[in-house]
Each structure stands twice: as C-alpha cells, then as structure tokens.
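Two complexes follow with subunit A in common, the first pairing it with subunit B and the second with subunit C.
What follows is the complex of A and B.
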C-alpha cells in the first residue's frame, strides 16, 4: 500500500519534473482528505466481483458503462483504435475465446459481456511494470495505478492478457464530456484502467458499476467464506476469463 | 583521438552533413509527436508496440554481435580479427545508443525516464534490460577506446582492460537474452512466449551483426586506405553461414511445435504470419519475402565457391540483413500483438511521422558510427603509413 507520505512524495517529484501541475494538485487534495481514513472504508483481504450476465440487458450495460466512465473522467477519443475503456462490452466469444467451437449456441456467440480489469491476484501488469506505477495494494489485493509515475512504456498493455488497459494517445482533457473534480484526470502518454473504484471503497461506497447494476454485479471479500460473493460462487456455476494463464482473475461470470 | 573526426575529405563531410540533415528532420518529427501525442503513430490500444520497439529489438541484436569478433580473437587467439575488432565494438556503441533512443521515442512521458532508477523494480525485465544495455555501452566505449588508443601509440593495451573485455563476452549474450525475456515471459502472447526465444534472438543477432560488419568492412576497404583483410572478411562470412543456418533451424523447431501440437493459439500465429486470416493478410507477402531472402542467403553462403566470391558474399549479407530486419524490426513485435486478447486481429502500419522519426534515429546512429569509424580508420591508416 502507498502511504500518504509516499503519495505526496511521488506527486511532488512528478510536479518537480514539470508534469501536469493542475492534475497533481487536485490529486494531492484528494489524497489528503481521505487516503488513510480507515473508519468508513469497506474492508476485504481480496476483492472479487460476481457478474450475473443473465440479469443485465442493453440498458443496464449502457448505464453501467456511463456510471463508470463519467465519474472517472474517461476520455472519448474519436478513433476507436485509441479508445480508453475501463468497462465495456465484448461478444461472449471474444471475452471467452477459448470457448469457440462449431456447436456453441448461436445466442451465446454474440451475447454482450461486460469486461473490465480482472484485478488479478497474480497480475502480469504489475510484474512487468518497470516503475511500480502499477502495483498491487497489499491490504486488499487491488491492482492500482499511479498516473503520475507511469512513463507510458506500455509494457503492461503487452502483459495484460485481457486488453483491460488503455493508453492516452492524445491529451485526454478535450475529450472528457464533463470533468468530475473528485477524480484526477490523466495527462497524455500514460496508461490507465479500471481501479475497482478504490476511491469509493476507501470511503465505504461500493464501486459505481455495481451500484447501478440492480444487483446483477456484486463485489465482496473472496477470502471470507461467509461473504455474499462466496455464497454466490457456491450457488452458481461461474467462469473466469482465461484462467489457464495463471493470472488468478477475480471477476467471476455467471453465463 | 577525437580530433581525427574533425579532419576528413569531401566524401566524409558530405556523409556527416547528410546524416545531420536527416537526423534534424527526425528530431522535428519527434517534437511534433512529443507535442501532439503517440496518436500520430500507427500504434493503437491493441498493437501498443510497433516500429520503434521493433528497431530496438533488432538493434540490440546487432550490438550483441560484436562478440562474434571478440570471442575468436581473445579466446581463440585468431589474430586476423585484431585489426577489425574495433569495428565491431564501435558498431555496438552506435547500436546501443540507437536502442536507447528508440525506447525514448516510444515513451508516452519520456521526461519521466528517471523513474526507471528512482523506483527500481527488479521484477521487471525492462529494468534489467536498461541496466545491461547501459553496462554494455560503457564496456564497449571503454574497451574500444583504450585498445584503439594503445594501437595508435603502438603499445600493448593496459592489463586492466582485459578483464573488461572478458566480461563483455557474457554481457553481450545477456543484452539479447534479457531483451528476449521482455517478450518471452508474457502469458497470452503465443508468438512471444517461447523458451527458444532468447536462443533464436541470439542466432539471428550473430547472423545479422557479422553481415553488417562484412558490408561495412567492404565499404571501408573501397573508400579508405585501411584494408580489414580478405581472410577476416571470409571468416566472418563463415560465421554468418553457421549462425544463419542455426537461425533457420530454430524456425523449423518453432514451426514443428506450432503445427504438430495444433494448439489454436499457435495455429493462429502461424496463419496470421504465413497464410493470412481472412481479410487480414497484408503482412503475409512481407513475411514470405523475408523467408525467401533468408533461404536464398543460406544457399549462397553454404556453397563455398559462391561464398568466396566477395560480390556474392555481399549480396548474401544484404539478404540476411533485410530478411532479419523484416523479422525482428517489424514482424516479430507486431505479430505478437496483432492477435488481440479477444482473438481478433488488429492490423498496424507505421505512419509517416513514425517512419520519419525511425529514419531519424537510424541517421543519428549512423552519424555516431561514421564518426567512430572515421577515428578508427584514421588510426589504422597511420599504422600503415
């Protein structure tokens, strides 16, 4: 975990390097008001997510994606090749490519699946990052990013087998519809991804996507056998994306 | 010795000035990319590495190949390489500098490059790659310079430089091994994740580096008074024959695993590179061009009567260089990423600014090489006089 002191140091160094003064100061403010506040935060040793794809329809998907992208200042670049995505939909057969086959049900092939960072317990992105700008928070296993330390080598993007990481190919600010001052905007040339709403979890609020999912998405502590998510995982047959790669993804899908 | 770079004929200055001009154009294109963003390149959220990282991978190999001169001379006492070792070392210097520049121009926030050393991350192959490259650069500058200076004075090289020369041998192997580790340890990238990768990289490096050295040596013989020696060039030709054959053999090993195992990930890679997947087949003719050039070069090299003809040797070296440039400088990096985690295909082609920046970095590298070679050749010319 990064302490507030370390956080300020990193932010300070970045600022000294002459990078994104405005963004830095808003980040310091955000950090100062709540980073070590343990009174209200949601506690888990290993966060996981359960997604019931049967309970999610077209409208839900749009609402969920908007909820996430609007609060996290996700830019909407014109060129889809440069798209920044924190949570988005992929056809079933793309989200789970190993399930391809001649006899798979047609309705399943194109079924839209919400995909996001899997917050892996054994994340290749953290392993490859040469600056620890992407790191695993020890206390709850969240895979997080320090946007002010990332120097944009994009090694994590080659390392992530889920396509969950995006790069700011342009200055993102002009492409953000309405800036949410509560969350930092990014500068050009850094990588970003879903943060599992750590900033909400640390204030005792569940992630934004889960909040607007009408119960189709559930987060909880995978290390606690009595948690709601563990009960769901016992009751339902779920699959994870590409578990054979050993990344230990923590997002579970009921298809 | 530096003063030798400041006096030269018209040809030398014409070369220096043209390289300066091309570098300058590259710098301007880079400033544009720096201002506007990497969006000006053909890279995208799936193919996040392209021409720049391809050049980096290719040039690490050329840099490592200096060891193909150092081993015969220092470990096997093959005296004929004595005069040209400096060409290998200075080529390594120029190549490592190009490698560093290609990493730099590929970065989204290049001014934060010191974060690499502020937040040392031993779990990242990239940290190790930066470390071994920096070490290799220093080793080659120091050993190259000191030995050349001793030659100039007509004395024996100081004894303290010998351990550095011996260290530079495994160090050269390490730079390309670690560069292979950048790729070979990523789960989910079927083209890259191969235990053979470092060995394959080294084989191709030890083919392309000596090929380039042969071409450079032939050029030096033609345009200067320094003759690198017919026998030295012929032995380099033999080295290329062996390493290029090993390189193709390793390809055979890979193809066997891919095709016999019938594992979908491997078949996908094979199809993408050699056959094309549906409408995505633009890379296929490029791959086959590289295959044809590689095979032709090995045939030309293996037939001793042909290889001994220096014109044919030069042709074979050009084929080796172009073929391996296509493979490592473009196809390897792009092919590894074009098949996305969703098993869709995303094609990538470099844009004009990207190509201009790439040529610019090459020009900077050749400028450094020209200056270093000018110094080395002047020393050799003095020896003759």
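What follows is the complex of A and C.
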C-alpha cells in the first residue's frame, strides 16, 4: 500500500514536471516562429538622431508634427493640459535649461525647438515600469512601448525628465481627425510616446519626421564611426537635453 | 422530518431557478456560425488559404495573434513565412483584416456565437466601422 505521504510526494513531483514541461513547450513554441530574416529592415546597434535647428522654420515644424501625429493616430484633446504629444515644440530655454547663461543670445531664449523621446541609453522610464510595457530593445537600443501591457500607472511619466510621455485621460478616438487604418489607436488609460517609428524601421522605412524634414533631421547608427550621423556629429557642435541627469539621450541638437 | 413541505418547495424553487438556462432553450435552434469568406481580396486569391490551414486557424488564431503581437511589438519581427513559403507582413489590421475585411460577417459571426467580446478593437481599427467591437 502506498502511504499518504508517498502519494503526496509523487503527486507533487508529477505536478511540478507537468508545469515545467508546459512552460518549456510554450517557450519553444513562441521561440520557434522567430525568424532571423533581417531583410527589409533598417539595422543599427544604437539609433540616434541629429537635428539641425537652423534648418527648421515654422512651416517645417508644423509639417513634421503633422506627419508624425497623423500617421500615429495621435488625438488632439481640447484641454492643453491633457495634450498627447509624440513630437512637439518647446522654447529653447525650457528644452535646455542649463544653457541659461548671464549673456545668452536673446533670440535664442524663446526659439521653438522640436523635441521628442530621446531614446536614452539609460532610460529612467524603463527602470520604473512595473510591467515592462516600456522596454529597451536589445537589438538596436530603441526605447519602446508594448501598448498591450500598459495599464496606465504613469510611473514612466514621472520618471521621464523630458515630458516625452502623455496619458490618455479620455477615449482618444473622437479626437482623432482622420484615423489612419494602418496603425492602431490607443484607449483611455494608457500612456503613449514617440516610438522612433520602429514600425517603419522594421519594414525598412526611415521615421516619418525625418522623411519630411528636408534633411534637417537625420537618423543613423551611433555605434558605427562611418555612419552619416557620426560624420555630422564630428563636424558640428551639438548639445543634448539635460545631459547632467545621466540618462544619455541619443538626440543631438545643432543650435 | 420538520417542515418537509417548506423544504421540498424550497428545493423545487431552487431547481427551477438553476435549470432555467436549460428549459428556456428547449426547442430553440441555434444556427452554426458560418463565417463568410466572400471578400474582394479573398476572391482574387490564387490559393484560397489562410496563413495556416483553416482547421488550425479556427482553433488557434488566438495564440497566433498573441504570438504576432509579441513578435511585432517586442522583437521587431514583421515577416511571417507560412509553411508553404508564402510571406506576410505581421499585422492584425493590414494582414488579417485585409483579407477578412468583412469583420461583421467573419470574426463577429463566431464571436457572437460564443459570446466573447474581443478587446482588441478598443485600439485596433476595424475596416470601415472603426469603433465597432
């Protein structure tokens, strides 16, 4: 006869094996369909952006913001405090507060600067996200959002020193002028931000803002010394937003 | 036995209540869902096949979509190759709904039958009717 103790042991061990096997097999299944087919993709080890603020005038700014916000179904809420922004303008002195010197050029102070997610190398938003909805893609350093995991705690908004994240206080759909059927919208209660157009990069197309910027914005691989962006960074003096915070932003501005 | 009358009535009422779903449906004929494949894109297909064989899709499209979601948004994979080497872009709106553009007569046909409410359309855009679930 088998004792109760023995029975429990066997039952326990077989249950553990079962769970282990189920876990492994689902892992294998999920892994199996990942292809290493990299064709059609733009490849970099560390994406970065160069923005020549001298080449961007008022019309350019509007065109760039429109291009981004229309393809990504970004809503236009009435209340400016609830605004959802992927790329927007900030006065120079607010974008670069540490540049406030005693004799700073006056024309600079209020100059509108295009700002967006900086795709930091040391992103505070990723560190604070409790669900890993925001994560840093190992392949190319993009700081991305998996919208399916975001439950709207907004820690990332508190963590991001650049204000690059927005919250949907309302259902965004009625506030989208024309829905782009090729991209999803969002829903009430999730956070969103610039995605560096990863959905375009992964299909071999440069980000939308860069495409319509007439050469004022350039993306490229910061880890490749021969890339266009590295050549630009070698030739021009550039600054980054709030470098003293240690987030290592990857968007460089020529002022 | 004390109060047997009341107890028996109580049991009868209880049974009548619990079995309500059974007798309310006696004689009701529920039609088998017939998802409609008649869309312009499917009509124009040379090989009228889904991204996996139909019986597998029927049973596991949920897992497939879950996998696609992770592949695209976490791993940046946008290329799906079927077993017979046809290639598809990994996208719910641009791939599944491109062929199955008759959302209401296809996806909804089954989902209404099993009474599930697919939350995906809170964000993803259904062809034509944008906010329909």
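In the analysis below, the second predicted complex is superposed on the first by the 216 of 255 C-alpha atoms of A that agree within 3 Å, B and C clash if a C-alpha of one lies under 4 Å from a C-alpha of the other, contacts with A are read in each partner's own complex, and residues count from 1 in each chain.
The rule we apply is simple: a contact is a pair of C-beta atoms (placed from the backbone, for glycine too) under 8 Å apart; a residue touches a chain by one contact, two chains touch by 3 or more.
Being a predicted model, the structure only gives us computed values, none of them experimental.
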item	value
Touching partner for A:179 - first (subunit B), second (subunit C), both, neither	second
First (subunit B), second (subunit C), both or neither touched by A:247	first
Partner chain in contact with A:151 - subunit B first, subunit C second, else both or neither	first
Which superposed partner A:187 touches (first subunit B, second subunit C, both, neither)	both
Subunit C versus subunit B, contacts on subunit A by residue	B
First, second, both or neither for A:112, with subunit B first and subunit C second	neither
Doubly contacted subunit A residues - partners subunit C and subunit B	187
Subunit A-facing residues of subunit B, complex	36-39, 43-46, 48-49, 103, 106-113, 115-116, 118-119, 121, 123-127, 130, 182-183, 186-189, 264, 336-337, 340-344, 346
In the complex, subunit A residues that touch subunit C	29-30, 33-35, 37, 39-41, 135, 137, 139-140, 144, 146-148, 173, 179, 181-187, 198-199, 201-203
Residue ranges of subunit C touching subunit A (in the complex, touch as defined)	67, 69-81, 89, 92-94, 122-125, 127, 130-131
Sites on subunit A touched by subunit B in the complex	13-14, 17-19, 77, 79, 81-85, 90, 94-95, 97-98, 100, 124, 127-133, 149-155, 157-163, 165-171, 187-191, 242, 245-247
